[in-house]
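One chain, subunit A, appears in both complexes that follow, with subunit B as partner in the first and subunit C in the second.
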Partner chain A sequence: MYLVVEQLLNGLQFGLLLFLLAAGLTLVFGIMDFVNLAHGSLYMMGAYFAATFVAWTGSFVLGALLALGATLLLGIALEYVALRHLYGRDHLDQVLATFGLILFFNDAVRLIWGPAGLALPLPTWLTVPVQIIPGVYYPAYRLMIIVVALAVAALLYLVVMRTRVGMLIRAGASNREMIGALGINIKLLFTLVFGLGAALAGLAGLMQAPILTVQIGMGENILILAFVIIVIGGIGSIRGVFMAAIFVGIIDTMGRAFLPDLLRKVLSGAAASTAAPALSSMLIYLLMAIILVLRPEGLFPAAKR
Partner chain B sequence: MKKAFWLAGAMALALAQPAMAADSVKIGFVSTFSGPTAVIGNDMRNSFELALDHLGRKIDGKPVEVIYEDDQQKPDVGKQKTEKLVQSDKVDFIVGYIWSNVLLASLKTAVDSKTFLISANAGPSQLAGELCSPYVFSTSWQNDQTPAAMGLYMNQKGVKSVFLIGPNYAAGKDMLAGVKSTFKGEVVGEEYTVWPSQLDFSAELTKARNSKAESIFVFYPGAAGVQFLNQYAQAGIKAQIPLYTAFTIDELSLPLQKDNAIGIPGAQEWVNDLPNAENKKFVEDYRKKYPGLRPTYYGAQAYDAAQLINSAVVAVKGDLTKKDAMKAEMEKANFKSLRGPFKYGNNHIPIQNFYLQDVVKDADGQLSLKTVATIVKDDQDKFHGKCSMK
Partner chain C sequence: MKPKLNASNAVAALMCAALILLPVYSAATGNIFILTLFTRIVIFALAAASLNLIMGYGGMMSFGHAAYLGIGGYAVGILAAEGIGSGFIQWPVALVVSALFALLIGALSLRTRGVYFIMITLAFAQMAYYVASALSRYGGDDGLTVYKRSDFAGLINLSDRNQFYYLCLACLFGGLYLIWRIVNSRFGLVVQGVRSNEQRMQAIGFHANRYRLVCFVISGTICGLAGALLANNTDFVSPAVMYWTRSGDLMVMVILGGMGSLFGPVIGAIVYLLLEELLSQFTEYSGLILGPVLLLIVLFARGGIMGLLGRMRRG
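For the complex of A and B:
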């Protein structure tokens, strides 16, 4: 029983982390109609900035905040310098250009920080496991990820649903031409949205960094998952992304945790232990395929365009 | 007429030129030079280059040409690069291969063309058994050997039960099988993770803790080893269940693992402090040539590969067509290996010692690896019986 609780928490934590990454992606994709493959690079930059700033300042929290600001600025600069010129273009052009950006960022990182990767050590108060219910210990840092991500989700919800900027963002998602015609400075709005998306990616990167390593190309595998999530959740919908990310996180973790044991009841030991990881990594794509068949719009599509 | 004669002569000479230029030793080197594991490929290349420096950049008086190819840690790419080296570059030797799955995909191309292939790391069980070939040599080990040595050490420590975790690919399966072959206690669980994309091991660690096993064994080479140790320490399991490893802590991962690696034993056939003259020179010159870097076992094995090639070419006095004679010479392992002398088994896999290594702070206050004990002497892999070469 405790095992299930702990694995559920693992799944929730992974899902919330994916939410941070996918939220930025869906904002940019849904509102600006812009396919940004370099989103994973911003995730990587967030992690590299954090590792650098934490080493400089000696404080994890301060370093993380600085890194967040740096990724926000980087996102705004990137939008202003490069991506702004691609809005009117075909999706394929955008894919090509942002793929180029991935290569650019990977090599820039190699030049600046070297090929070996960095470590982002945690302060000691975050490295101890916490007893959440008697008998169940959970890493303090992973708990913090859950808390921070939930707070960000709530904040994002409030901003998008309760503020004027949020109203413009929602309006932009439903009908871009119309809000342009109503005299809203859509360029500024787009720059803002892109910066916000970058900061969210950076946050995901820097939160993930102490668990994984900070290394070149770290954003590429996880970006695929983020795309799966926005397809499942419905493009442009924050609520959809939130639900889909948690689904995907829990399904992925539960699959890894319990599928091998289930399979071992049916198959021989060796065959089961080989097939189980392969099958469990397929589960989320299976989920995506089913949802695409039953609800091509995604689970919680943004308002119709 | 006379002029035409000279011209023809000059042209013939010009045509003959490439044949003379080809009078060099051509070596193809397949390893990973991009992506997160590129640091391993770099270390192998650095060490191979250092070996060539030590040989005076010449083998038996002939210049050496090395063509480095990046396998991107992907079996299909590794196979393509091997084909290119064999078919269009027509190399005399192919060296390298970090990953067992990449080597297995590339093996047939090299063997069919009767090009000597020297694995400087990967040692899948198939290579030692049914896929063994007269043209393939290893300067590393068979995958099962190192974890099997770790299993022996765990018996010595009186460990009663273990939970095994490893990546789901050729080497991962060999490694876990290796521990199981020698460990006398109970194996309470065995988990394979998706390789190389899975980097979060929370689900596996949770299961290991709940299994109430006395110990955990893992095999995670490269950056995955850093991630595993991070998560193992953060989950507080380090204080509860001791960890035993193979190929998880090395000089590349240690600067990132830092204190997380302290007190975690590993087994290895080469450690930087092995007391032989060649090894001292290798470690010193490496650190001089590549400031800030330290050599790893990957590099030591690549260094040995260069020495093995040198021994073969010298034995046939540079006549690279004498493949049988070169093979016979290489089978003698007639060179000064950095790990100390070893013999080849019938399957061209070293019969060698395995050492227990530990993480300590060295004179510079940096974390480094140290030999603690010899776990097993002259260990031969257990697949050599399946090899058709006698």
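For the complex of A and C:
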């Protein structure tokens, strides 16, 4: 029972991290109609920046904030130099160009930080387990991820739904040409949104970094998961992405935790130990395939343009 | 129809001649390395050409094409590991399994369009990747060594460098000829019509998705053949062959060479793999150059190398 609660929380925490990554992706996709494969690289850069700045300043929080700023700036620079010329191009061109950026970032990181991974140590106040309900302890750091990610999600919701910038973002998503014609500086808006997406990816990367190691290619697997989430949730819909991210996070975590035991009850030991890892890795993709077949526009499609 | 003499056709003809004469050059100079490099290039050119059939002519942006490389390869590897070494069994199995996989994922994926299609093909390829990683009997993550190349009962010896190269080249030319015939057939014209305007083709009575699916299956089958060749070439097959960056590489080759032109993917494969090889000779960090080059190609050279050649003629 405690194990179930713990794994549920792990799933929630993973789902919220995925949400941070996927939110940036869907903002960029929904508003600029831009497929950014290099989003995973920004996630990786967030983690590397954090590892560097934390070691440099000696403070986890300060280092994390600096890393967040650095990823934001990197995102803006990237948009300004290269990606803004790709808006309105074919999706395939965008896939290709940003695929090139992945190659670039992976080798740039290898050149600067070396091929070995980095560790991002946690300060002691985050390593203690916290008693959440009597008898159930949960790592403080993972709890913090949940709190921070929920706060960011709430903030994102408020910004998008309640502020003027958010109104422009939504307007841009529903009709780009029109808000341009109404005298809004759409280039600036796009740059801002891209920077915001980059910062969200960086935040996800730096928060995940202490749990896994900081390494080259860390953004690639999780990027595909983020794409799966966007597709399940419906492209361009933040609410859909939020639901889908938590759904995927929990299913993935629970699948990895409990599927092997469940299979062992049905199949023979050898067959189960072969099938379980494959099945639990495939679970999400299987889910996505089923959803796409039943609802080709995703579970929560954004309003038709 | 009579081929026209222009820059792109001239380049294609020269390229074919060079590919045919390569073993002669290799034997004359004793440069074995170039022959092994080009065997690999020819195999990837076949895979890229098969992707071009659905991407360039059919408008189906598959981001999971490397899955067939793995499936074709594993068909050969697994049969070899189980003691069935005959190529007359291995290769047809590789083709049939690839075709069935393409039929299955095609039937599901073709319900979606655009970015969704890119993502769902990617997801299926990742599934294949994870299945292969879990095959602990056949090496799992570490991959499977193919101790003996496919045996064609003395007809052709795959362990002979030159014979194997010419076999790969014959497969490439055969694949290109098949694609050329398909593209210019009634079937191919319907597929291209669906790419330009699906509604209109539906309206004049074509069942668009059936044509698309058949095209998708043919493409997957050709790529499965490339996978069988690849496993024989490296004497090894591993899940990494199916990893999504491999699918990305194939897409790059197609677009680099020129999507929707018959020889474009071949040129793309040659340029991309040569560039990768050359860069890796003098720098460990080839991505630092290759990545921006890709970006620049997308930004400034639309239509790839074949597109550039076409523009040259028009001035």
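As a convention for this text, the second predicted complex is superposed on the first by the 305 of 305 C-alpha atoms of A that agree within 3 Å, B and C clash if a C-alpha of one lies under 4 Å from a C-alpha of the other, contacts with A are read in each partner's own complex, and residues count from 1 in each chain.
Here, a contact is a pair of C-beta atoms (placed from the backbone, for glycine too) under 8 Å apart; a residue touches a chain by one contact, two chains touch by 3 or more.
Quick caveat: nothing in here was measured; it's all calculated off a predicted structure.
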Following the superposition defined at the top, how do subunit B and subunit C come out on subunit A, clash or fit? clash
Check whether A:Pro277 is in contact with subunit B, with subunit C, with both or with neither, and answer first, second, both or neither. both
So, A:Ala82: does it touch subunit B (first), subunit C (second), both, or neither? second
Should A:Thr57 be classified as contacting the first partner (subunit B), the second (subunit C), both, or neither? neither
Is A:Val128 touching the first partner subunit B, the second partner subunit C, both, or neither of them? first
Which of subunit B and subunit C A:Pro296 touches, first, second, both or neither: second
Considering only touches as defined above, state whether A:Val35 meets subunit B (first), subunit C (second), both or neither. second
Applying the touch criterion given at the start, work out whether A:Tyr137 contacts subunit B, subunit C, both or neither, answering first, second, both or neither. first
Applying the touch criterion given at the start, work out whether A:Ala97 contacts subunit B, subunit C, both or neither, answering first, second, both or neither. second
First (subunit B), second (subunit C), both or neither touched by A:Asn175: neither
Superposing on chain A puts subunit B and subunit C in one frame; which of 19-27, 73-81 or 199-207 is the clashing stretch? 73-81
Kindly list the residues of subunit A that each of subunit B and subunit C touches, one partner per complex. 273-274, 277-278, 281
In the complex with subunit B, residue positions of subunit A that touch it: 2-3, 6-7, 10, 13-14, 115-119, 121-122, 126-129, 137, 139-142, 210-213, 215-218, 221, 253, 256-257, 260, 269, 273-274, 276-278, 280-281
Spell out the part of subunit A that touches subunit C in their complex, as residue ranges. 29, 35, 82, 85-86, 89, 91-93, 95-97, 99-108, 110-111, 220, 224, 227-228, 230-231, 235, 273-275, 277-278, 281-282, 285-286, 288-289, 292-293, 296-298
Across the complex, what residues on subunit C touch subunit A? 55, 61, 63, 108-109, 111-116, 118-120, 122-124, 126-127, 130-131, 133-137, 244-245, 248, 251-252, 255, 259, 284-288, 290-295, 297-299, 302
Complex contacts: residues of subunit B adjacent to subunit A: 35-36, 38-39, 42, 168, 173, 190-194, 197-200, 202-204, 206-207, 209-210, 223, 226-227, 230-231, 233-236, 252, 255-258
